[in-house]
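In the two complexes that follow, subunit A is the common piece, with subunit B as its partner first and subunit C second.
And now, the complex of A and B:
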């Protein structure tokens, strides 16, 4: 009963009342998903869904939803549904209800009275105040359902009656060509309303009161997390679907169709042919590919990591374990943070002005590696330092008390304990530099379409000489390309594609997809490494 | 060395009244003449420790004989741990700490320029108040010290050079763990992470780890505070056995324990002062100072 006199330990609520609230929650979730799908063009506002035009369908569902939640609230108030409501829904809920009602009032007012008129604002203030009062003053089961249920019905009516139809456009007037279209307004309206009603329904599902608020908050947090994941998945799916056709152009599977790969003197002919990732660009190619850019990106990241990680970790060791904490360490900290925030084009310019004249006086892989290495350095330093600072001093004390030297302690206790943190930093940094375009543009890149001959062979390029500098690697001094730059070049200067690229758009999306795959595989390696190091520190 | 007298001591706080009406000065006169059997292993003279402006240890003079058990007792916060840490210079690692006075180990001043701290701590081992095993396997925790000292080498390089101390390592692990009364509980999971052990097991692991480097002096800060009676009695037996070859200094809050295991007892009271130091029997049966008697009998903390 609404008057919660008996023990709350076991709720006497029946399955059917729970089911009503549960259906409302589910309906709200469905509408939420539907609005997201509409935003991302998966469902079109002009189209139909299960044979019904989308906009009226959504409107009808909203009315249904509002009706359900109001019914539940009144039922609870009259004692037909067993709940444990508080005396009031609270200030937060009241403000939360007042805001959309204010917006609704202003919108209705300005549609009826003309935009910009004071009447709209007045109407908005009135509706907002009423919603506030209707939420704050009655008992919680009414307060948290009536205003929001009514809002949902209002929104539903607007859509169902065709006031906002699929072809609806609202000219904003204050700027040329700026207008609100149904394609944006319908999903936005549905999204907001379904969130509100979902929240109220979740509270009702929990039977109001403290438990209801807990369930409501839980539902909101859950939806929040889910939508973040959804956005990520949609982004990925978007790229993957558009990239696949270009990637598979001319793909073949079968014995002896692939190119020959030499490994340790053995040469094997691959049974798969995927021209997009196995070819460069050449006049005589059947299909063009981006192999040089893939290899370029790969070596670029390896080079930058090899350069930055030892230096960064070394500096972090010095700063945390050896340097006295004071002015100097603070200055270094400020400098590294500043360096990390420095725009990448500035690093690029530095590489262009400083590195290029020193390494062969032309754009080269080596200059690109070093420039990106400089960019990576501050992040590696910051995260390594953070990780080392969080290693408990007890470990250092224990080691010192065993008569172990400081350096041995750092190497055998501090570094292993800090390694997962360090790896996290490197992962983040690699994510940034692998997709960097500007510095590469200035220090390393060749043309828009990279000939297969520009594929670097860093390992094979090493030559040992009897005279200084003893080691030489012309491959490192060659200009090459990297995926982000190639993508940039394709988009900005994509005209004049060779005949063999049938569909330039597919080619671009495939390049984007490959870039994504390369970056994600670096991530995967990093996360694997972190998992490995962390396992060693922990017990199951 | 044990014959040293401390006539140069000056005690400025001689006005502090004890419950019996005697002054601190009088009390200290009585034990500064305390002579024990054998040689002094550790000697502190006029030792003061400050944490910033906080004067945590005041003018402590004491001689700790070798191959015996010395108990340090006193109320919480009176400076027992501080004193213990100043014996192997672990106080150096606390930034705000400052030490005045002298501590001699085997007659050599340890608070002097050029002392090799690594060597000192190798010979004066320590078990901390709160267990602090490394986040490594139990096995690695024990072999850590000897490995770093080069006493045990099992790595690939060592094997290539024809040296493989695998058997020694196994033996050392078992022996240390047995001494610390932990072997039976962990024998079948030596490769598990030490952080997965219970608090009391971790404490015993730390004792085993300390024993593994074979120090001459073992400083123990409440080694049995988290242990059940059975493990406690095993640790007490261990301490008793250790005293045949090692010098043991142990902090404890347990009077019975101090009475059972120690040869001599030093009582610190609030304010960081060493109030009485004598044979354990004497301290517990007939202390000079009324304040010490009150503390021991539980009338005063």
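And now, the complex of A and C:
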């Protein structure tokens, strides 16, 4: 990690110094990876690694690591190593060192004297204070290495000596029974210690002082960014990996295997059959699917967009072009931001209390659409407003100089110029609401399994009636399903699922995968559109 | 200041009236009539909708017709009136949310009222007792267990999201080379895009059993892991708001510091972060708001038994949060229990609204301080 920030200045120093600190950084990275592998059960705490039991191996490595960093610190203090330390390691480093030593003191005290006793806390305060002083008062090369190196050696000794062995369990003795086991404590301990020592080693690698702190901080920030991306990749890969088998159940490719699709009177037989997305649930089906939920999500999004996008863009136009700044615009801004951060379940409650009595006293597609529309509105308003504000005033002045009215300026100059931003914002907003479960839970959702015959057909559902309101669409006023709700229902249904589908777990993961694909395709389009428009603007 | 504005109230009032009169004089009568009919029809439709009247369609149709006519004949004024109405709709929606969820939570508040020094305080018992039981006597709807759960989850989520989010924002705005930034930034956005039910599903199938095994708890569901998952979900909010704040620090301030010979990191800690401090704290506050309102992951991963953990810091047991209470019980609830769910919603809504307004105030102050546009 630190090599990424290596500069000419640093690489000009002697090789041997670099080697010691570099080995320490590498060792810390190795232990970091090892602890993650243990968390993910790739490496078992009770198992062995290259012929050595894991726990003592980790302990030995921790001792080695602590020894290396302390050696480096003392070497620097005695002048064997050329560094540029500051007079003190600083307050941040002191607090950072005091915290783990406090935790170590409390843990040791609690294990020896029983949990919840005052003795543990006292011991923790003492060790924490000593660590604080040991970091803050000596010169930086000692202060930032000794306490942390000692911590690493202590952790290593605890693991190596078998005080915490593979079968170690500490019952916390609480009313609701809970224990800490080696399976959690060993990797957690290793993770924290390796991060600390890695930080100290990176500082040493940079030769302490301002440059050393720079290298140390950059190492941590890079690890953080890398971890976030890694978490994302793991989440996505895991869902795809688990979802594919269910999705492909009964899939066929070949002429004439798919269902017939009628469009404008023409009927075409698809060359692909993917029962999971083309079927509903029925007794006689060979393979069950989630088609009604997909169609439900589709109509839900359409309805929310039809409601929220005109409102949001109109309001953005008024706020940026017509209104003078005053109480009213301020109130609208506060209300918009308030709506943006309102929890989705509160929108659900609101839809339940406000919309359901007004649309036939039952859960309905229309209520779901409007509830999601309420949620989408602030997103559209905020992004459209930003896009319109970023249109340069010269455009407006040039148009006004031609003698056209304000509305014509807005329509033919401001809106086209702001369109890329507005479109991107709407797409990202739609991606967000398409995956929302909580609001439709209370306003729209139907059953766990929806028969294919209940797939909504909004366009075909319009009818004229003799009583007010003269237009009726029973399809809009029915409860239907949507992908996020379907997944929720499948999870909560638990074991009772077995009778309806052959493999409930595959079915669940496939539903999750389809939902993820639907939502992330909105995001991909939105992010792609923004990237495209930005490139285009840069080159023009 | 001229003499006419000695009394500011009447002064601005008179000016408003004068402005309005001039506006009426200048505008065509036809346009004025159209817009007036349109607005009246819209208000009537709104009133009808609120009153649950089936005749709502009539004024709404009239509104559509006049709007269409106005669009063809008097586009300038019609557009202005329509956009004004659309702007007012955001205020209207917020107002309706407040009215409806408060109204729905009233009955249970009076049921749970308590007498303190001879004064009847509605709803007090919900916050003093800890018993939630909708079935067996005495029926009580205490919010304390759920508030405790939400608090524990939010604290854990903040501990996860705040440092990681601010570090990631620093990385994106100050450290990352453009090529890396182009990968990490969409990554953070996609992290925000993954539906919460999928986080919940993964937590439910993987994390909960793992935690139950490792911590040897009876049954599944821990606040610790719900907090971590929710923190992960609040992370993108923190990152994007904090990044905006950091990049709004004027480049001249940073260059000035670098010119004195500091390292990049020194510039960040002693110039950029302090200057953007209020914006960064607003980001953390908004992240807290997201964490409080997170529903589905909590619903799927928690036990659904409303009670306090024992002892209170026992994060290895996850009972119920305000959000998951609503999502789990809406189905079978009716009467007072449903109203109690609305009380939970009200607590959530008010808390998050205060958080939102507070963070806006902080951001507004920061922009003022940095001398940008307010």
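Just so it is clear, the second predicted complex is superposed on the first by the 368 of 540 C-alpha atoms of A that agree within 3 Å, B and C clash if a C-alpha of one lies under 4 Å from a C-alpha of the other, contacts with A are read in each partner's own complex, and residues count from 1 in each chain.
Definition applied: contacts are C-beta pairs under 8 Å (C-beta built on N, C-alpha and C of every residue); 3 or more make two chains touch, one makes a residue touch a chain.
Fair warning: this is a prediction, and the values are worked out from it, not measured in the lab.
J.: Applying the touch criterion given at the start, work out whether A:353 contacts subunit B, subunit C, both or neither, answering first, second, both or neither.
T.: second
J.: Is A:238 touching the first partner subunit B, the second partner subunit C, both, or neither of them?
T.: A:238: touches subunit C, not subunit B.
J.: Going by the contact rule set out at the top, does A:170 touch subunit B (first), subunit C (second), both, or neither?
T.: Once the two structures are laid over each other on A, A:170 reaches no partner at all.
J.: Of the partners subunit B and subunit C, which touch A:413 in the superposed model: first, second, both, neither?
T.: First partner only.
J.: Looking at the overlay, does A:438 come into contact with subunit B only (first), subunit C only (second), both, or neither?
T.: After superposition on chain A, A:438 lies in contact with subunit C alone.
J.: Is it subunit B or subunit C that touches the larger share of residues in subunit A?
T.: C
J.: One more residue to check, A:405. First (subunit B), second (subunit C), both or neither?
T.: After superposing on A, A:405 lies in contact with both subunit B and subunit C.
J.: With both complexes overlaid on chain A, does A:339 touch subunit B (first), subunit C (second), both or neither?
T.: After superposing on A, A:339 lies in contact with subunit C but is clear of subunit B.
J.: Is A:213 in contact with subunit B, with subunit C, with both, or with neither (first, second, both, neither)?
T.: second
J.: Go through subunit A and flag every residue that touches subunit B in one model and subunit C in the other.
T.: Looking at subunit A, the two contact sets intersect at 405.
J.: Spell out the residues on subunit A that touch subunit B in their complex, using ranges where they run on.
T.: 392-405, 408, 412-413, 416-417, 536-540
J.: Quick check: in the complex, which residue numbers of subunit C touch subunit A?
T.: Its residues touching subunit A are 49, 52, 54-58, 75-76, 79-80, 82-87, 89-91, 93-94, 96-97, 100-101, 103-104, 164, 167-168, 170-172, 175-176, 180, 183-184, 186-202, 204, 213-218, 232, 235, 262-266, 286, 289-290, 292-296, 299-300, 309-311, 314, 316-317, 323, 326-327, 330, 341-342, 345, 348-349, 352-353, 355-357, 360.
J.: Contact residues on subunit A for subunit C in the complex?
T.: Counting only subunit A, the residues touching subunit C are 169, 171-172, 174-181, 183-184, 210-211, 213-214, 217-218, 220-222, 224-225, 227-229, 231-232, 235-236, 238-239, 310-312, 314-315, 317-319, 322-323, 331-350, 352-354, 357-358, 374, 377-378, 381, 405-407, 410, 428, 431-432, 434-438, 441-442, 467-471, 484, 487-488, 491-492, 508, 512, 515-516, 519-520, 522-523, 527.
J.: Enumerate the contact residues on subunit B facing subunit A in the complex.
T.: 88, 90, 93, 117-123, 125-126, 128, 130, 132-136, 144-145, 148-149, 192-193, 195-196, 206, 209-210, 213, 215
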